[in-house]
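Provided herewith is a single structure, encoded as structure tokens, for subsequent inquiry.
Which chain is which? They are A, B, C, D, E and F, in the order written, and residues in each are numbered from 1.
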Amino acid sequence: MSTQTSAKPFHRILLTGAAGGLGKILRDKLKDWTDILRVSDLADLGPARNGEEVVQCDLADKAAVLELVKGVELILHFGGISVEASFEDIMRANIQGTYNIYEAAHTHQVKRVIFASSNHTIGFYKTTDQLTASMPPRPDGMYGVSKCFGESLSRYYYDRTGLETVCVRIGSAFPAPANRRMMTTYLSYDDLFELLRCAAFTPRVGHTIVFGASDNREKWWDNREAAHLGFQPKDSSSQFAHLFPDTGNYPAADEIGSTYQGGNFILSGPQYKN
Amino acid sequence: MSTQTSAKPFHRILLTGAAGGLGKILRDKLKDWTDILRVSDLADLGPARNGEEVVQCDLADKAAVLELVKGVELILHFGGISVEASFEDIMRANIQGTYNIYEAAHTHQVKRVIFASSNHTIGFYKTTDQLTASMPPRPDGMYGVSKCFGESLSRYYYDRTGLETVCVRIGSAFPAPANRRMMTTYLSYDDLFELLRCAAFTPRVGHTIVFGASDNREKWWDNREAAHLGFQPKDSSSQFAHLFPDTGNYPAADEIGSTYQGGNFILSGPQYKN
Amino acid sequence: MSTQTSAKPFHRILLTGAAGGLGKILRDKLKDWTDILRVSDLADLGPARNGEEVVQCDLADKAAVLELVKGVELILHFGGISVEASFEDIMRANIQGTYNIYEAAHTHQVKRVIFASSNHTIGFYKTTDQLTASMPPRPDGMYGVSKCFGESLSRYYYDRTGLETVCVRIGSAFPAPANRRMMTTYLSYDDLFELLRCAAFTPRVGHTIVFGASDNREKWWDNREAAHLGFQPKDSSSQFAHLFPDTGNYPAADEIGSTYQGGNFILSGPQYKN
Amino acid sequence: MSTQTSAKPFHRILLTGAAGGLGKILRDKLKDWTDILRVSDLADLGPARNGEEVVQCDLADKAAVLELVKGVELILHFGGISVEASFEDIMRANIQGTYNIYEAAHTHQVKRVIFASSNHTIGFYKTTDQLTASMPPRPDGMYGVSKCFGESLSRYYYDRTGLETVCVRIGSAFPAPANRRMMTTYLSYDDLFELLRCAAFTPRVGHTIVFGASDNREKWWDNREAAHLGFQPKDSSSQFAHLFPDTGNYPAADEIGSTYQGGNFILSGPQYKN
Amino acid sequence: MSTQTSAKPFHRILLTGAAGGLGKILRDKLKDWTDILRVSDLADLGPARNGEEVVQCDLADKAAVLELVKGVELILHFGGISVEASFEDIMRANIQGTYNIYEAAHTHQVKRVIFASSNHTIGFYKTTDQLTASMPPRPDGMYGVSKCFGESLSRYYYDRTGLETVCVRIGSAFPAPANRRMMTTYLSYDDLFELLRCAAFTPRVGHTIVFGASDNREKWWDNREAAHLGFQPKDSSSQFAHLFPDTGNYPAADEIGSTYQGGNFILSGPQYKN
Amino acid sequence: MSTQTSAKPFHRILLTGAAGGLGKILRDKLKDWTDILRVSDLADLGPARNGEEVVQCDLADKAAVLELVKGVELILHFGGISVEASFEDIMRANIQGTYNIYEAAHTHQVKRVIFASSNHTIGFYKTTDQLTASMPPRPDGMYGVSKCFGESLSRYYYDRTGLETVCVRIGSAFPAPANRRMMTTYLSYDDLFELLRCAAFTPRVGHTIVFGASDNREKWWDNREAAHLGFQPKDSSSQFAHLFPDTGNYPAADEIGSTYQGGNFILSGPQYKN
């Protein structure tokens, strides 16, 4: 429970993966929410900044994670591998690692986890399909499979122990869309942060899966099942429309990339080079 | 049928419950719609104002209600008990009373009733559930059960006689949200009135159930099944967000209140004090 | 809790409406389930038979019902009015009466109620519609509206207090179908009794609504949502097919009767003679 | 494939029905998309304008259509009869004609067709129904039946040959709503054009059915299944609300027109004058 | 209306396509239903048998069809082309022909049509898909497209005029399955006839689409939406299992045939020889 | 591809987990399907029997599994841990092990895997819930979570490589139900074997999830989405009804066991002893 005398809503939040692409950005933004932000990564995080605790930690190390989570009220679990990699690496970081986080969270009675899931849990749906969160997963690689694992695992912990989780199936959280597909999957940093805010502060979330996309014109994902979170994206990829002018030259050279929601990611597995 | 020579769309509208919280507000606003506004309540309504007919009436009195409804084209049925009370009181006012209204409306060939139903017809759904109007009711008290009765009864009258009804499952229609839960259920007076306008003037409504909430950020209720009404709320509880600052201190002290959509109302039954 | 030393599964069961059409039949059959069968009706039930307690009781009398329910483990609530009648009579017997039963059941910590609901809760669906239990009610008269009330009320008691109910939407429980429509709605006495057995002895029922029909060839009702009850009807109206030979003389003289699932019952309301 | 050295997205687009109501409007607007706009109609189209090829052509003439489609990358198929007419005329123009277009498109390896379907494919739904594109068709006349044919045919061509189609179920594309019903079905010319733009330039559309209506307040049609097109109407019939002031004089004189989504069109068949 | 003094349920039934494969079989069986069986075909039907009227008739001849239908109470419309053929032939026989039947049926106030539709209306679904009748059609050839037309057309006639239709999507009605696929689609003659009996004699059918398959072990089609017909197949393809012994040699040589529900039929279009 | 000259449908099948409870039973039965049955387990399997190849193998050993799968046409993957255990053990055996199987299967171009999944993928649904295979998983322990992983992984391999899988969510495959709950989840050995037969020999299965239960009276699982497999259980737990006589003594002592579909298994996790 947060300290009542504090002006900030939380006393201590843990951010894993703080040295990663999104982790770096969140590291700055989360300070308003918490007296102490504990940041963690396998990589070097530099010295602790004001209001921070820095813990270098391998998520696959169960004992270290148990220690890492101690005293924490909320976890933003952005750690692990966020690209396609060998299964063994992914299993160690994303499967063992996420298990360790949840087991430690339960042990220390953490109230809630915000889990950085991914659109790659559903990347093998077609770009003409419309999805809701309760549709069966169709991962597009080992990375996506590991995120499906995290969604199942967190469902279990909620059902068994009451530990709440919001699984955020992050789209393409970059400064700008890097290709035509990302016009649909783009998630601005501001909208990501607003979604995390909703996930952190909605009084009750149970186990909720939410898609993370800005208010882009083209949509594949319908967040109606997560409307209780109150997430209302403000940005749109439309501001980048000039980068991808209308063309009749379809199907594009990246035909597979325009066929499946996961885009060319579906081709990135280590085994299948075609 | 309205008088063609009148500049107002209706000749005579009946508003029951005109001395109640919402009734008082509607009493002023409805005058633009009708040459004559007949207002009724069990309580004293004061003298008739310009363009009004005042009828003090016990809705449980069948003969009185038959008289009350005579000459009316549209009924806004806001009468009865709107809080949890003994079953016997609720049965008299809300069950016998609503039956009397419908039987009289049929007898006098009233075209349409707008029935003040309530979110307490579905108050035992979880705050992480998303509802549409056709999902089974889950009332949270005798008051809610009586509103379920009104919804069933009006469905019957439409199927049997063609008498149209819009059941408005009113959320929290107050000047401002009184607690965190009402950030989701808030219905501004202006939005309530706009919803009643849609219910009154859409050319055909059949038997429609619609949820009454402003365009609040967090949503539990999806009005897609009533999109033919064209209700578009303009207000949002966001303007009151400062009253309920973000906090990680969940589950709140009113744990049950944050678990069920009905909030603490689910605890208000006369029998179950725990 | 039942007495462990008894060879019968229950110590005391209450059957309301024991003088009614179905009540009489059940009165004989229930004895195998219980040491003591308490039978009740507004009408005279004759002397107590072996293993019986006879209580003449007006269900609208709250105090009497509170006494009636004392010491009971299971209630089969078949009491009240089972035909179309004046609203006031139905309200007294079926609305006030059913409320009294539930309030008393809660007070005395009865574990479960089997509520005799009716196909007339959904009688205004077309005979070409296929229903599941979670579809919105469309009652076909005041009797049906009162059964919708019982279904809402029992849902509330389950959500609020844990008192379990199986609502049995009884079709046409007669020795044989009396008209062509009943070839679809027929429920043999044996199948009714088997359905009650499932409702009584399934370890957990929560709040379940189940349609009561034999395994007739033509079906309007799909019991998939109640498959946990394990009800498997053994009989079929096919044995009576010779009573209603194939004919091309449609629509039948009773055109409305063949249009709506409720059959001619939809015309039986006291107010609408056409 | 479009010519890469061209500044326009397409080299040659075919617009059929270019002399029709919507065809005339599109004829001007499409020039920005294509080096050459081939316009076609049974009626006289006047001389070719700058960047145009004019082909007078009977769509029922298979050989002529095969020639018409040659060298084309995209077809906007607006040709045929767009009002109720004799079945034979409709069959010739809309059934034989549309078949000819698709067979020619396949032969010449056209990539995509935008098919002008109609709300009259679903005109026999009630005005209180809410539709998605995958609900069964309920046409309201021979014209609507012919559009259902086009939707089935184009589905076949996509499944069999990969030829993509967007079926646009156009609402009421006029300068302004001509009656109260069109407040719901209104599609401004700008919104129509934007919808066609989405249909033409979305990288992958497969076989998509989309409803064509502006962002009118009252809605019958939910485009969630076509959200990948990114169509966001900008206009609303609300600007014409003053033409149809609120009235309690319902049901309107055109009772059937307010009952079915197809409006009075359902009465326009040549056979059924009542 | 049938003659009351007749012992048979109908006075006169029309069977079109009586010289076709199924037509020949039905010709014998239908005599028990009707005083007079009018049989029709484009081909020679031989002399009239006892209780028959023989009419050689081109269904594309509107005037002839109008005459053909006169005096008829029920039509079993099995006429037209039942294999893949040129579009023009199919249009003439199946589109113009079916229109002529319905227009004549309406003119002569026929009560009901049983329309021989086909599984080829949905042949492009995968063999791992499970279908209900309300799912969108996916025809697998011009023949299938023409049957989709018949389903839309008959829906229109029901909505507009009340003329009832049962569309029977016939599977593989042969003496025995001719290939492995037909183990799923097999419809025995007895089951076909029983299905037609249900379609003919159910008191009210509105517009019903039903799949025609025996009670085969493997199923793609779920008839739950037509349960009011009471069709219960008695036969199963299991009796022919020895013809297609279990094999691991999959995917079979006819890979496409095992991928789509339409089997190799999807390859039979005149245009696409691959 | 199987050897055409063999009388058996397969040349070589791999059964993993052949020393386990079900593995032992399958070892005998599978010989009719295959010239060579390769059996594998971590435990000792005894000497190879006639027609067998015995391979002792740790599924977590990637190289060993690659060798194990060589030359195989079909895999029945019953290996791994089938009870609740430490996460690390389960991860090694069920997550790494199953990955190894699939990667090897892909490498060696195995056509199909039958994956022994479990009802514990959905054990946290209530015993009053009715499930279809596409509903979101709700595992009841680490064992269940690992089976969810296998279902996601196999979906990926099908989407990416075409390797087919049938996931069999095995209920309670024992000689007889061991407690009241198993009256619903019981799967006789004969029915299990028949289900495996369907999974092995259906010409095309894609990625199918099927529940494995006999035709027990009480049902929680609806296999409609797998009806293409043609699985028709022959046995029923009803033959064991005498072991669990009807009782009104509910909720049973094992209250949680009767609340959740997973029964007391939900309590078996190593961490949560309450």
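In the analysis below, a residue touches a chain if its C-beta (ideal position, glycine included) is under 8 Å from a C-beta of that chain, and two chains touch if they have at least 3 such contacts.
What you are looking at is a predicted structure, and each value in this text was computed from that prediction instead of being measured.
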item: Between chain A and chain D, the fewest steps along chains that touch one another; value: 1
item: Whole-Å gap between the CA centroids of chain D and chain F; value: 51
item: Centroid spacing, where centroids are CA-atom means, of chain B and chain D in whole angstrom; value: 41
item: Chain pairs in mutual contact under the definition given at the outset; value: A-B, A-D, A-F, B-C, B-D, C-E, C-F, D-E, E-F
item: In the complex with chain A, residue positions of chain F that touch it; value: 87-88, 91, 95-96, 99, 103, 106-107, 124, 134-142, 144-145, 148-149, 152-153, 155-156, 159-161, 266, 269, 271-272
item: Residues on chain E engaged by chain C in the complex (per definition of touch); value: 1-2, 4, 9-10, 33, 73-74, 111-112, 197, 200-206, 208, 224-225, 227-230, 232
item: Chain A to chain D touching residues, read off their complex; value: 126-130, 180, 184, 216-220, 222, 245-252, 258-259
